[in-house]
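Next come the structures, one after another.
Same chain, two partners: chain A is paired with chain B first, then with chain C.
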Partner chain A sequence: MLSRSILSRQFRQTASATASLVSRPASSSLSSTPAFQSFFRATVAQRRLLSDTTRQAITKAVASAPVVLFMKGTPETPQCGFSRASIQILGLQGVDPEKFAAFNVLEDSELREGIKEFSDWPTIPQLYVDKEFIGGCDIIVSMHQSGELAKLLEEKKVLAVEEGEGKKE
Partner chain B sequence: MASSSRTPVEDTIREKITAELKKRDATVSKLEIHNDSHLHAHHKAMEDSTSGETHFRVVLVSDAFESPEYAKKLARHRFINGLLKEDMKREGGIHALQLLTLTPKEEEERTRAKEAAA
Partner chain C sequence: MAETSITESSLTAALTDRLKATHVEVTDMSGGCGQSFTSLIVSPEFVGKNSLKRHRLVNAALKQEIAQIHAWSAKCQTPEEWDKERAATGGSDGPPLDGTTGGKVDGVSQ
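This part shows the complex of A and B:
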């Protein structure tokens, strides 16, 4: 699968470049100390509140590219079957790697919990197109099958330019 | 009762969905709850889990989805996710929930398409 390998390389770059945007404010040095973490875990009520810093970081992440996937693992090594299926579909659809960013929620526990609150969606993966929440894996699959996803991605002009239409790399 | 059941989570899913649709005077032409937890038991995220009820696949066919507010799959999924919010948030609760939500008409079309493909 040619398109997939091209995507992967780009995905990694985009993801790592933009991920630092998120992980910096989302995991301050305070939150990474064990004491803070256990306190955080114990205070359930507090855990459900999305802090301003986390919200800002997620807002930035969502806006970091026209197509954004919050997933478990990376595009090349997804850590969950649902994340794998989602990334494969985006690859099949021919999403332009330059217009895509992936965020690994396993790298940041605040992002992992925060994104659920932010989207009001209980599971990962989560797909955003043009800052709009599209859905999780089942919705991505069903939109892929019905042709809705192809239509949406085309409308948003986020597909890679087809070969022969210029733009060589 | 749920307390003595060997499938308390599955029971909860069924009860909550059935009760809400009944309240709305909607039909439930199909409600399948598949427990796929065994397929994911070796996953890293399940390392500390003792529950045999973590991964579910729910098929729900109801005329409740004929309402325009449920035209989109996203709204249908949000509806079910909302009913099960606490069960998904709880430590050791539902970890993954696959949803197939259809109106009776959509199910019919789906069956017909499947038959045509076979």
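This part shows the complex of A and C:
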């Protein structure tokens, strides 16, 4: 899959920049004790309301690129089949890596729960284009199949410009 | 995870009741743990609504249920669209399995 290998390095960079943008604790391991505890505190806390800080961070994340995907894992190593399918579709569509950002919700429990409330959408992945919520995996797949996604991405001018065949890394 | 009594049939009943669905297929794609479901929902309430609005309607109708499970996938059709698709394909292709591996979801423990 050529498009994917072209995109992947950029994807990885964007995704790893994620943690610093949205969150404080750098730990990505839920199994270590402190992270595990903070995970539960956060879970209890966001049963109330999305905090202003989290909302602001998510607003910033959504605006960080024309195409933004909140996913489980990274574009390089998706941790869930639905996130994998979504990232593959964006690759197949030829989304310009320069205009794309991925955020790994597994690295940040506040983001993971906060994005659900922010978008009023219960599942991950979630796709935003030009700060507008497009949908989750089912919608991405059906828009991909119907041609709507290609049309949208074209209109928003977020596709990579083809410079001949096979731009290698 | 929390105990759930969510099953294919409880979800089917909820969708039939809350969305006045005329046809519902719910398939457990968890491989046994009962926390991932995919569905085909046919309801007249979807008429005149785009895909995002249809999914939002379903998400709202199943808010409690979806919050308790790991994965949820839906295909939302109006009765007319469903009839048309069945006529075209010689039978509906059922609930979506995109993002699964052979109909089973992976990575749900994350």
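Assume the second predicted complex is superposed on the first by the 137 of 169 C-alpha atoms of A that agree within 3 Å, B and C clash if a C-alpha of one lies under 4 Å from a C-alpha of the other, contacts with A are read in each partner's own complex, and residues count from 1 in each chain.
As a convention for this text, contacts are C-beta pairs under 8 Å (C-beta built on N, C-alpha and C of every residue); 3 or more make two chains touch, one makes a residue touch a chain.
Model, not experiment: these values are computed from the prediction.
Q: Record, for the superposition on chain A, whether partners chain B and chain C clash or fit.
A: With chain A aligned, chain B runs into chain C, so clash.
Q: In the superposed arrangement, which partner chain does A:Ile139 touch: chain B (first), chain C (second), both, or neither?
A: Once the two structures are laid over each other on A, A:Ile139 reaches both partners.
Q: Once chain A of both complexes is superposed, is A:Arg84 in touch with chain B (first), chain C (second), both, or neither?
A: In the superposed model, A:Arg84 contacts chain C only, not chain B.
Q: Does chain B (first) or chain C (second) touch A:Asp120, or do both, or does neither?
A: In the superposed model, A:Asp120 contacts both chain B and chain C.
Q: Chain A residues in contact: does chain B have more, or chain C?
A: Chain A has more residues touched by C than by the other partner.
Q: For chain A, which residues belong to both interfaces, chain B and chain C?
A: 79-80, 82, 120-123, 133-139, 142-143
Q: Please give the residue numbers of chain C that touch chain A in the complex, ascending.
A: The contact residues of chain C facing chain A are 51-52, 55-56, 59, 63, 66-67, 71-75, 96, 98-101, 105-108, 110.
Q: Considering the complex alone, what residue numbers of chain A touch chain C?
A: Residues of chain A touching chain C: 72-73, 78-86, 106, 120-123, 133-139, 141-143.
Q: Give the list of chain B residues in touch with chain A in this complex.
A: That would be residues 43-45, 73-74, 77-78, 81, 84-85, 88-89, 96-100 of chain B.
Q: For the complex, which residues does chain A have touching chain B?
A: For chain A paired with chain B, touching residues are 48, 79-80, 82, 120-123, 133-139, 142-143.
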